[in-house]
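So, here come the structures, one by one.
Consider the two complexes below, in which chain A is the common component and chain B and chain C are the respective partners.
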Partner chain A sequence: MNVPLDPLLISVAAPLAVAVAIALGLPKRWAVKLAYAGFAVPALVAIDVWWRFASAAKEVHGYAFLTNYSTGLDRLGIGLKLGLNGISLPLFVLAGLVGFAAGLYAIQSKAERMKTYLLLLLVMQAGLMGTFASVNVFFFYFFHELALIPTFIMVGIWGGRDRSYAAMMMTVYLTLGAMLSLVGLIAIYVKTGATSFDLMILRDALASRPLGEVTQTHIFGLLLFGFGILVSLWPFHSWAPLGYGAAPSSAAMLHAGVLKKFGLYGLLQIALPLLPFGAAQWSHSLAVVAGVGNVLAIGLVTMAQRDLKQMVGYSSVMHMGYAFLGIAAGSVLGAGGVVMLMVAHGFSVALLFLLSTTIYHRTHTFEMDQMGGLAQKAPVLAGLFVAATFASIGLPGFANFWGELPIFFALWNFSHGLTLVALTGTVVSAVYGLRAAARVFFGPESEAFARVAAVDPPADIAWSERLPAFVLVAALLFIGFWPKSFSDGINRALMGEPAAVVASR
Partner chain B sequence: MDFSTLRSLAAGNAWGSVWPELSLGCLALFLLVLETGLPRSMHARIPVVSIAGQLGILGVLLLNFDTPYRATFNGLLMLSPQGQLMRVFFLISSILVSLLARRSLPWQRVPRVEFHHIVLVVAAAMMLLVESRNFVMLFVALETVTVGLYILVSYYRSNPKTLEAGLKYLVMGALSSALLLFGIVLLYGVAGSPALSGRTLEAMQYGGLRGFLEANPDNFLAAAGIVLVLSGVAFKIGAFPFQIWIPDVYQGAPTPVTAFLAVASKAAGFIVLLVLVTEVFAPYDWLVGPVLTLMAAATILFGNLAALKQNNVKRLIGLSGVSHAGFILLAVVSVSREPMAVGAVYFYLYAYLIASFAVFGVMTVLAGPDDSEQELGDYAGLARESPFLAGVLACGLGSLAGIPPFAGFMAKLLVFVIAFKAGHFGLLGVAVAGVVVSVYYYFGWIRTAYFSDEAAISPKTAERARAGAGLTLGIALAALTLGSIVLGFYQGPLGNWLAGH
Partner chain C sequence: MTPTHIALSVLLAPLASAALITLLLGRRGGLASAVSVVAALFIACGALWLAFGGDRFTASWEWLRFGSFAVALGIKLDDLAALMLSIVGVVGLCVHVFSLGYMRDDAARARYFGGLSVFMFSMIGIVLADNLFMMFIFWELVGFSSYFLINHWRELASASDAAKKAFIVNRVGDFGFLLGIILCYWANGTVSLSELGAGHVVYSRLIPLLLFCGAIGKSAQLPLQVWLPDAMEGPTPVSALIHAATMVAAGIYMLCRIDVLMVPQARTVIAWVGTLTALYAAMCAITQRDIKKVLAYSTISQLGYMVAAFGLGSVGAAMFHLTTHAFFKALLFLGSGSVILGCHHEQDIFRMGGLRSRMPVTFWTFTIAVAAIIGMPGLAGFFSKDAILVLAFENNRAVFSVLAFTAILTAFYMIRLWKIVFLGEPAGEPARHAHEGGISLTAPLVLLAALSAVGGYWRAYPRAFDGVFSQIPEAGGATHAIVLATSLVVLVAGAGTALAYYATDGGDTLERRSPGAFRFLGALRSSFDTGYDFYVAEVQQRAALVLNFIDVVGLSGIVVRGLAGATEMFGFGIRALHTGRLSTYVYWFLGGVVVLWAFAAGVL
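Up next, the complex of A and B:
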């Protein structure tokens, strides 16, 4: 155990340390400077471990960079065990980069009570890095909650319209989801009989002694509802558009982009491998709900939105439907697609939230009817928005394509009808995405926007806003053109290749 | 008692084994001596003497934590690691109550030294209560606690709400004592019946009664006695349907006393219950199990639902305390199938202590002179006026709500794991629903403190928040908050100790 050089621990500890320093009363000038470091360190660590992952020594189940720290509850199988495998690595990188972008965007945002804002964002960042680096299920949940709590507070203090109501609704919904999944995790812990929350031990124990069919079905149901609420599975989605609509942009970027993936990640990393029979039992109902509810119904609702931020919020609910469809398909191809989609969607939705707020600063409204013609005044902003829209539709060249395509293939083997539904969804998402781009940037100026523009002439996107956006676009394009950089690791983790084979490459 | 008896007792060192209780008693008397002996101008220092003395006792107690564990005083008392843990618990509680009282009492026109005196006596009696292994000892210690609390609850005697609270607590306390005593008498009587096998004259002793109950596992009178004893204890912990006194009494009592009632008195009740369930009533698990199960479910539901619509924060915290009693009962219910539940109860109590006193500390500071009129609206804008107090409040409430990274989360997690292991799935469902509901009102409180508009700040709140907690109480509150966070993710040796028992 090499404490000072453990990159994963550093990625959690660095933002947390900065947050503590701010809480202890660092002056604002220094707080901002240190916050840069607090957001940059996890991003650099993420890139570093991604670079070294392929050649790193792997242990059982393809985990690398494993370290274990005791917290005093070893007898109950609770301890801080950090490590990454092919499934968690992409999400770890996602958390690092989106966190960096959100942090940069927050620092330039001139929010009121800046120090508290940065403090909460740093805590959230630490929680996110920890969530995806944890091999111990207890700490997986623990870090998730650590990242979740600041979201509520940030919505409540810095939120927009209806912030108080939105914060309350998010809190109650997400607590319900978290509690249900906690009971599900406890159920696995107790029923396995391994007295350990360590995912690797749980996997080994269940591989030799799988749970009974009824037990598996029940526990998977609990986890599905719990995680499903956290990922806005229809009909438990109503917190998402409301919350994202009200959330300050950096919080929305981190929550919609990264934290929400916790539920899907939990299903993929914990529920599917540990409870294969339960997953098979639930897959049909899940597929129908996700396909008809999330993709089709919410897709149509998204089309009807006039508020730009609400539209992005609804579109994120809709895209989660594809992820659920991929999980329901129950094949390695589908699951791999889900991981890719989670990463791609994380980058693209964060980008969209960032750009929406940037647009708002120029139009002073989120109503798309009161915009138009912004492209002439802000061509770079327009270009970025169109790129983000293309990415979110899933055009080739962007990462999202490599997420949706495998899911569709996997789904075809599962159900032809639902594949058609999903494809219809793509058309729907193209319609609302392109229509939004057209309404905001092209076409004639609306009267309302002309008035605003006369008082406060809109400038193009500033460098301080450009930099975080470029980070996100670069990531989307990078994965879009070189999907193998992540998909190799994902495949190996999903196929369960023997450790020795992986290590020798 | 002649001299030789005393000498034999001294030889067995029985008195030495209760030195913390004795020193608390002596300290209490010393305070009264100081009051008569010192000039009036020095009286303000007497609470400091009390707190310093308690800190000294706590220090010595922690250094001598591993004393020989055995029964003393002919089996009246039992020294155990759990007992030591509770001694520490009650000492921390009484120190914090003294700290709060030092802040709260000067606002009222009441004598101050007696208050500190009674707090010490009550703390000592609580220690004896959880160590007792004999029903007579149990009852005497319980009455000492209760009589002390009668006085404390009605201490701000110029306030009609406080007097009402005092009267209600007196009536309800008397009723619960009567139930308990009736139960004890029934058990003693039936155990001495010559017609039954295993009859014993030692039925006041826990061990003796246990032997009798084992020999007669389905006696009706014994069952009635057990139910009555459980009801008496249920009053103390505020479990449904004996929770009716809680909102009024908590609201009317001085805030430091409310804290004492909510934490120490409740904890004492739970340890008594735990000892009774594990050591005495175990043969009647067929009866105790269902009764406590129903009680736990109803307590969780009632506490949380009733707290939802409260606007007075003292009533709110009282009713949320009822729901916490339900969660602890969940662990007590599981103890017959899962011995680890004992550790979970202790951990929960400590987490509850740390979080509750943080909240009560903020309440005391903000209440000022009008102690029984603390409305939720008074907290509007607290975060703007005093980020420190608001932070302490938020962490305390977060821990009570059971949110990581606070200790309250670990406590709830342990209880849930144990309830699952014991197979109480229905109760677990109720508990999960309770947690979700509780988040609503805890978060509502935090929301008022943090998210209110500037216009909503009342001048009273602003003034008191700016005055702050003062140095001593401020340090205590910071320590409680820190403890709550650290215990949430690093349990250290305590964790292994709890998991082992």
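Up next, the complex of A and C:
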């Protein structure tokens, strides 16, 4: 074990170190330069480990790059154990790349109090990398909190309209969700009696000696509500459109794109394998709520939005419904689709938030009624927005399609009726997606926009804004054209890596 | 180079062209159009080589796998695919070349040619697909290319609306298509065309009908035909390639691909949908003033013939008509493009007239196409339409009568169009100054006119497509005589009436002489749009607004906050924020962690 060169630890430590340096009073000039490195290092590490993952030596449950650090709490089973399997790798890559894009976008944003803003984003970035690299459930949770708190602060300080109210709503909901899931995680720990938070040990212990059925059902319920609130499960979703509507764009990109996936990831990586009976008990209620609530009702609500950013926020709530449906379907196929969708949605929603703000700088409003005809002034921006829209409505060629397709197929074996509901969602999302693109970019200029354009002539998307957008589009297309680059690892992890591949330790 | 490599490069060449144009040539219209045309030339050569020179083969690569569910990228080149590929290649090349002239002065030429390349990539994917997953993937992609190209003139609200409508209506059809694929997968354990073709198919009425929903959307059959006339907002070469010759015919191609899944009851439904669509669209075409709209309704009507032919059980007849239609309808659209360009973007036929002498190449080629579509003996459309009528006569007399009546209407509206546009005296200033375009405009017309003239003699083709054309129904004796007599009578009746009835004086004779009939046909045409508009505005949008109200006021305002008992936290949150002490939560959290850690580590 070569501690200084552990890539996973570096990906957490680098942004954290830059944040600490900024907190210690680095001059702004240096702070910005160092921040580039703080965001770039995790992204490079993510690409590097993705590249090496297929050939890397795997240990039990398909984990690679495992390292263990003592925290002085070993007798409680709390050690900083880092590693990646086929499920966490895609999310780790997502965190690295979206973090990089959000960082670049923040640096060019000319926000007030830039140093503090970057500091908070870097802390968030470190937390995100840590969350998905942690094998120890305690640190999995700890890193999530580390990433969550900066979100509240950023919404409260740099937010747009209604920022105090939005920050408060987010704080209340997400804290409640996090607390419920914490209780659930502690309950697993206590009931297992394994005296360890190590996920690998917990899995082995529960595989040979599963928890009682009643216990499983109760604990899974806690986790479902806790994680569900964090992922905007209907009807606990109100924080999402409100919070994202107000959040500064880089914070919205990181939260909606990456941090929100924490709950789904927890359900897939922890709750489903550890509590299979509990999952089966809850699956039907979950599917009905997610299908009718998230997909159908929120899909229609999304159609009614007039504020671009709110619309993106609601659409994200709707797409989380598909992820819940895939989890409820309870098969390798469904779960595989969920992982693909988590990654794809992360890239596409981050891109949509980035572009929404970019549009705002040209139209000086988020009201779609007061836009129109921007494509003539900003063709590249229009192209990127159309690409993001089609990605998010599941057009093949973009990653999202590979999330939705397996989920639909898995769902049919679970419930015919809900499959119809989910497929209706594909029409609904096409309606609001294309309608938004048309209202913002196409047709003649609206009067309101013409007035704005006369005072402040809009330019096409600048290179500093283009670069982070390109990173996200490239990722969406890459996975869209070559899904095997991630699905093979996911499939192996879900099928259960055979014990024979345990490498010599 | 094995045939597999050729097929793959034919598929990927237009993708490479599109990528190159998007990334590097966005501002270099001339270079972009050259790249795109070279790609189209490569496709045409590759397609013909594969069809006439190469072997028939299948190949497959795994694309994604979860458990036992695997999606493959595969190629199945049989006679059917070879025929379709040749059509796409040849018509595609004609349209690319025509676009060089047609789009010469367009500011966004690079975007246009990039879009054409994306379309060629997607369409070839459908043609080569060896399984329904892959067909669906490229099916969606042609839908996207169609959206993209209809939307080409972005500053026009009408173009933007039409593009949106095309994509959404197709999504409605694809709802059924995807559901059909899901059912097919779970019933048969595979959606590979080769494996399904090898037998052991679980027969069901539902699966073929759901898959047919995809064709209803893509091939603009009742009741989803509404998007195609609006799609004429796109540039005319796009209408020729996508909305006449190839993409809209993909629905029929797809049906022929899944022929093995069909059951008799499903066929009956399909035959009647096609028949009624043919009749309905022909009636709509009669009152149109816009040259492209006449052709659009004519396309819907002819697609109805193909769907009916498939429903009556003959892949051969359906594909034969698809082939000849691709030639003469592409020619009609390109001819109309030539007319529109010659008349300085005038599209109203009653402001044209007298173009015969002013645009001779366009006139003669257009005349061949009109003669072909109305079934003039000896030309391509005559043979393929006859095959369908023979089929209908032998299998279903009711369908036969409707299709024969529709043939009268076809002759009627086409001769009306032809007479008003080309004969008489110019009715408007633009028509007076009309002139023929350059070689890039006329050469494709001549090539397609040749194909429209001789395309029906399939026995003279090389043996390459025998797998398809050997299934064309042939009649002998009495049937042959009756059908032949019928088609000649309907041709003379329709064409003669139109020639005699319409005057070339700058107004619609039907509107003047029988306003009742004119209004009825107009109302018939707009009835579907009226219904859908009502649904969208009064049902869907209202439901959305009500749910939005409930969501904002009801759920987040009352229910959840009450249920969760979070009111107090709420107050705490407000105070914390309003006093500017946002960091309160941070301190509490950090404090908690420190205490927990200290306790656990034995410090306390």
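Operating definition for what follows: the second predicted complex is superposed on the first by the 498 of 505 C-alpha atoms of A that agree within 3 Å, B and C clash if a C-alpha of one lies under 4 Å from a C-alpha of the other, contacts with A are read in each partner's own complex, and residues count from 1 in each chain.
Heads up, the rule we're going with is that a residue touches a chain if its C-beta (ideal position, glycine included) is under 8 Å from a C-beta of that chain, and two chains touch if they have at least 3 such contacts.
Everything numeric here is computed off the predicted structure, so don't read it as measured data.
In the overlay built on the shared chain, the residue A:I298 is in contact with chain C alone; chain B does not reach it. When the two complexes are overlaid on their common chain A, residue A:D204 makes contact with neither chain B nor chain C.
Contact with neither chain B nor chain C is seen for A:E59 once the two complexes are overlaid on the shared chain. In the superposition on chain A, contact of A:L73 is made with both chain B and chain C. Once the two complexes are overlaid on the shared chain, A:F441 sits against chain C while remaining clear of chain B. When the two complexes are superposed, the chain touching more residues of chain A, out of chain B and chain C, is C. In the superposition on chain A, contact of A:L180 is made with chain B only, not with chain C. Of the two partner chains placed by the overlay, only chain B lies in contact with A:Y189; chain C stays clear of it.
When the two complexes are overlaid on their common chain A, residue A:D48 makes contact with neither chain B nor chain C.
Shared interface residues of chain A, touching chain B in one complex and chain C in the other, are 72-73, 76, 142, 145, 149, 152-153, 156-157, 164, 167-168, 171-172, 175-176. Of all residues in chain C, those touching chain A in their complex are 22, 26, 62-67, 69, 71, 108, 111, 133, 136-138, 140-141, 144, 147-148, 151, 154-157, 159-161, 163-164, 167-168, 171-172, 174-175, 178-179, 182-183, 185-186, 540-541, 543-545, 547-548, 551, 555-556, 559-560, 564, 566, 569-570, 573-574, 576-578, 582-583, 585-586, 589, 593, 597, 600-601. Partner chain B is touched in their complex by these residues of chain A: 71-76, 138, 141-142, 145-146, 149, 152-153, 156-157, 163-164, 167-168, 171-172, 175-176, 179-180, 182-183, 186-187, 189-190. Here chain A touches chain C in the complex through residues 72-73, 76, 78, 142, 145, 149, 152-153, 156-157, 164, 167-168, 171-172, 175-176, 235-236, 238, 242, 297-298, 300-301, 303-305, 331-333, 335-337, 373, 375-376, 379-380, 382-383, 386, 390, 395-397, 401-402, 405-406, 408-409, 412-413, 419-420, 423-424, 426-427, 430-431, 434-435, 438, 441-444, 483-484, 487-488, 490-491, 494-495, going by the rule given at the top.
On the side of chain B, the complex with chain A involves touching residues 398, 403-405, 409, 413, 416-417, 420-421, 428, 432, 435-436, 439-440, 443-444, 447, 450-451, 489-496, 499-500.
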